[in-house]
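Notes for the one structure printed next.
We call the chains A, B, C and D, going by the order they appear; numbering starts again at 1 in every chain.
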Amino acid sequence: MILEIHDVSKNFGGLQALSDVSLSVPEGEILGLIGPNGAGKTTLFNVINGVYPPTNGRVFFQSKEVTAKKPYHLAKMGLARTHQIVQPLEELTVRENVMVGACFGKEDHGLGSARELAEEVLDFVGLGERKDQMAASLNVAQKKRLELARALAARPTLLLLDEVLAGLNPSEISAMIETVAEIREQGITIIMIEHVMHAVMNVSERVVVLDYGRLISEGTPEEVSHDPKVIEAYLGDPKLAEEIASGGQQGGGL
Amino acid sequence: MFDILIPSLVDGLLLGFVYGIAAMGLSLIWGVMNVINLAHGPIIALGMFGIYLAFTILGLNPYLALVLVAFAGLVLGILIYYVAVNRVIDAPHLSSLLATFSVNMIIIGIGTAIFTVSPYNVDFTLGAVDIGPIRLLWTRVAAALAAVIVTGLLYLFLFRTRTGKNIRAVANNRTAAELMGIPSSRVLALSFGIGTMLAAIAGGLIATFFPFTILAGGGYELRSFVIVVLGGLGNPLGALVGGLILGSLEGIIPVFMQTSWVPVIEFVLFVFIILVRPSGLLGSRV
Amino acid sequence: MKKLLWKLFIVLALTSIIITACAQTPTQTEAPAEEPIEEPMEEGEQAEEMEEAEVPAGEDMTATTLTLGYTASLTGRLNVSSGRQDNGLQLYIQDLQDAGGFEVGNEVVTFEPLFYDDESTNERVQELYTRLATEDNADFLISPYSSGLTGAAAVIAEQYGKVMITTGAASDSTYKLGYTGVYQAYTPASRYLAGAVDHLKALDPDLTQVAFVHENDQFSTDVVTAAKDYAESLGYEVVLFEGYDSETTDFGPFINKIEAAAPQALLGGGHFQDGSTFARQLYEKGVDLAYVALLVAPPEPDFAELGEAAFGIVGPSQWEPLAEFTPESAAEAGLEWFGPTGDEFVERYVAAYDEEPSYHSAGGYVAGLILQKAIMDAGSYDPEAVKDALDAMDILTFYGRIKFDTSAESHGLQIGHSMIYIQWQRPSGELEKEVVWPPEGATAETIYPLP
Amino acid sequence: MKILRKPGFWLPIMLVLLLGLWPVMTDNAANREVVNSILVSVALASSLNILLGYTGYVSFGHIVFFGFGAYTGFYLMSEQGWPIYAAMIMAGLVPAVLAYLLGSAILRLRGAYFALATIGINEAARAFVKNFDPLGGSVGMQLNFQIYNDYGGAAQALWLTYYLLLGVTIVILIVSYLVRFSKFGLGLMAIRENEDAAEVMGVVAPSAKTRAYVISAFFPGIVGLLFFFKNATILPGDAFRLHLSIETIVMVMLGGAGTVLGPVLGGAGYQRLRGTLLVTPLFRNVQLVVAGVLLLTIILFIPAGVVGWLRYHVRGLRRVLE
């Protein structure tokens, strides 16, 4: 198992964003993580990579306990992620953005080799032409690819993808799905949060469903999509879900 | 011991009200738009000179002149907002810090050209009254009273008027307020104006009992920072309480050690609170 | 489009600034900034009064103008006293120019002032004296007002080998740093309040408790440290000894402490602005003291603006218009007399500035006088020769006796001059200064204890 | 050396060197004093840039290090009789250690809170030194004039101070360049742009920030010692002047934060402007107004500063101006 999560809970003030979530991910798998808005998916990512310490429970990465370790510890161990809301380093060039990933990721590259690696990865995600632009000048789809390139340049063993497809048009979506599949072929384990259902169902080997911070279903795409609990969850009040989600993400603050 | 403690405390508290008003302006601006107004000190100084000019040239009663100074402060603040702050309201902190600091430089520069850096004095006295061992100067009492009145009016305005409610809405969540049709830049400008108005009033009150120079605002600005952090950034009522705390500290500390240790204690406390409890002793926001 | 033009303009402006910054152009050709001197005198009456001033019209005489460089605190917290000092010095230079200068060998020398406003800050003093010593290349330097600023200026004078006459700078410490070309016109700080302690002892032998509250700067610290030691040696108990910041405007905490410590006498203060505020707040708070002596502020005529708060306050003074040093007293003491008499000085000063001179004014005037005398004695304006002349100087002027310490450890310290003490009284209803100490110069009885 | 072929490396250094050699060539003390004050500004601005420009932390407390270093060195020279070279090293090290200790506490704070804390530290430091008698308290310390004799007399000592300052300034520029174009520097810039994202990518932000803080604190102390050695007097009010911190920020912003050349141009431009207006009675006060308007214009319209703006708008200059 590359990642094991035992009974993880996370509270924000009075709000229970995650309750007793347990999960194991074997090496090489593509795991889909779905659920209505505010189900706690991004919070789970944040707990896994150390942005938030869990209130309860433990997290193991590559069989080492990483509960409440800082994000940079996990990054050095080989965990990389993209953000649902893109976070480019705006005043740096596209290449420099990716070099940050290479320099400070698992392989700890020097500037020279990081530069080569960055160009390689940028070509791979299709941003090769734009490497000298400022990251701020990219459009949303390009910024998503930049997020991906940064994560890949870290040479991770586990990659957390947070809605890389959101906001893309159909042709961009299929291009991105292809890219994800290629990444998978490099032997990188992937957990992806996704709302574009057909994509998740096509790419994932296994799917996990969160609702109100609880893991309510787990199995092959086929099994999950027929689980009555899942269907019920998606029929739930979307507005309420949104409130929880926004509540969950504001905790950082100043 | 008591003979000195009580008068020192009273002196400190009376000043504390005025400090509170100055800090309230800073706090309001921070609370509404997350801007630290580094032009606060010079505006306090302008308030002092406003009273000076009104008193010596127009021969106005200082408290009457205070109304004029307040109005001028409001207008000046709105002007400053549109010229210097509006454009950088969403930029990183450094931008608004430096934008307001450049306003500081401009005011000090012009002020120095007009008034030089020499001390001025409003030769005004209301006499004193003896209560037991304590001698109260009426100018100090009047300043404290004025501070309380201004605070009361500010709260009536913020909680009882539509504009005031708009200000609070913008402070709470600017994006949401804009979606609800509140003209945010006008509200921000008004808030900035009220913030500087409070600074000008505080300066005006101080001018009735202490001599001052165009640079004198600096010390009160620094005190305002301390107070704002004591009372919670963005919490105007907290600023008044913070002012009273600081005032009493300034009164009482000298009883126990050399007066020159006061700023050391003040600023160490300040840094300590930022580190340990950045929301302030009373928590932020109203 | 408009935005673009804006940007273009800004960039142009910035580049020009940078170019001026990097372009290595010292603008030495510019005439030094000269503040307009207030016209000091009516024509006619003064020229002959300057000693040694008759300029022979011989053709073999060449005219030489030496620049006296200095800064004055025309603005800032020291403005009042420094302004007086500047007035005094300007008056001296004007007198000299009107008299046509003085003879040195076959040259007729006059002085010309070159000065800037230092805004009462150390930083500007350092920058400006550096400029005076290098770019402006002033021939001789006069100190700014106050010990703190003079301390900063003296180093620079010494670094560039310029002779500096200090005035308005009493601190002893400046003269204990190994300088060789800095000469003090004022009675040193260590002797400022010693007389007040003697005065107090004479007034009331039973009084035992005194308090010292002083400005935290070089001058006032030097003064009160010496005075405290002296008071203690006379058996006084010092119940409060505390310093305040130069910028202090709220003396409340100090006044509360004074009331709690309940001394009968208060000595201290600092400079004019803080001293006046202190006196005012002491009065407002109705502090019960029998004797109050403050530094610097009381002898200034402006102190009277405090009204009732000024009444009874004692202050040490370097010179008062009432003090009588005359050519006759010089002859009696076997000293050489130099310069105008006190009456002449007061008369000209009042004519020029329409105000009473204070000791700061006299100090400014006498600084120029000392330098002139030294150059005349040296017969040259070579700095080394002038230094020798200053070392040897022992003269009496309207301001008093001038003689410098020539020992290595405190070279340049004034050892000839002494202090007098004034008190604000109401001899005829109006507030007026009266000399109350030492007894031989006193013009009135001391009002003691204070009401 | 590959680095020597980079115009971005040698351009700032050549500029400073040319400027620095001008008084030497003309053998003119007046020129030296003009350049001396420019060098102080450039050195302060460039060292602050490492924290402000590269790391994005707005410190109003840069002058704390200037003051503490100066006091340390001054104390060692005047009370302990140390030679200036040894005192310089301590004047750098003591503030660096202080920055390390302070940094671990206050670098956790973000944005305005960090800025406020640094203001507090500056004020606390000044007030403390005013009360601290071993360092002379509120009347400060003075050097005995004889100390200049150890360096060949006052005139020689002033030249020596000047050369040392020039050397230190050039070292700062080299360090600034090396940091800017290193992996460490890349990490700092990632922190500047988005600290959370940088941490997720593996940048160990706390230690990187602390290191940047320490590096930027090492130099101002040395500059401070040289500055006050020249003036032979040190006072708390002069050593911990909040206004100087702010002016230094202005210089960095003027030239372009985050670039190597920017603080050089900003420092030189600001100081020259100041020096020119300083002695012009009519414009003495306008100095502040001019500087204020200039700063405001920069903030509002070209927040990247001169160098940043040129880099952005003139493509050809990108390789030259770093």
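A few points about this structure:
Going forward, a contact is a pair of C-beta atoms (placed from the backbone, for glycine too) under 8 Å apart; a residue touches a chain by one contact, two chains touch by 3 or more.
From a predicted model like this one, the values you see are computed outputs, not experimental measurements.
Counting hops only between chains that touch, subunit A reaches subunit C in a minimum of 2. Common neighbours of subunit C and subunit D under the contact rule above are B.
Note: the chain lying farthest from subunit A is C, by mean C-alpha position. Across B-D and B-C, the chain pair carrying more C-beta contacts is B-D.
Here the CA centre of subunit B is 32 Å from the CA centre of subunit D.
Rounded to whole angstrom units, the spacing between the C-alpha centres of subunit B and subunit C is 38. With centres defined as mean CA coordinates, subunit D is found 42 Å away from subunit A. The distance from the centre of subunit A to the centre of subunit B, each centre being the mean of the chain's C-alpha atoms, comes to 47 Å.
The set of subunit D residues touching two or more other chains comprises 111, 113, 130, 138.
The set of subunit B residues touching two or more other chains comprises 112, 258, 260, 262, 278.
Counting partner chains per residue, subunit A has residues 254 touching two or more of them. Taken pair by pair, the chains that touch are A-D, B-C, B-D, C-D.
The residues of subunit A lying in touch with subunit D in their complex are 49, 51, 70-72, 75-76, 80-81, 83, 87-92, 96, 99-101, 103-106, 110-111, 114, 150, 154, 252, 254. The part of subunit B that touches subunit D in the complex is made up of residues 30, 34, 36, 83-84, 87-88, 91-95, 97-99, 101-106, 108-110, 112-113, 222, 225-226, 229, 258, 260-264, 266-268, 270-271, 274-275, 278. Touching subunit B in their complex are the following residues of subunit D: 52, 56, 58, 105-106, 108-109, 111-113, 115-117, 119-121, 123-124, 126-128, 130-131, 138, 246, 249-250, 253, 285-293, 295-296, 299-300, 303.
Residues 6-7, 10-11, 13-15, 17-18, 20-22, 24, 26-28, 33, 35, 116-117, 122-124, 126-128, 130-131, 133-135, 137, 148, 151-152, 155-156, 158-161, 173, 177-179, 216-218, 221, 243, 245 of subunit C touch subunit D in their complex. By the touch rule above, subunit B contacts subunit C in their complex via residues 3-4, 7-8, 11, 15, 112, 116-119, 121, 125, 128, 130, 135, 137, 210-213, 216, 219, 250-251, 254-255, 258-260, 262.
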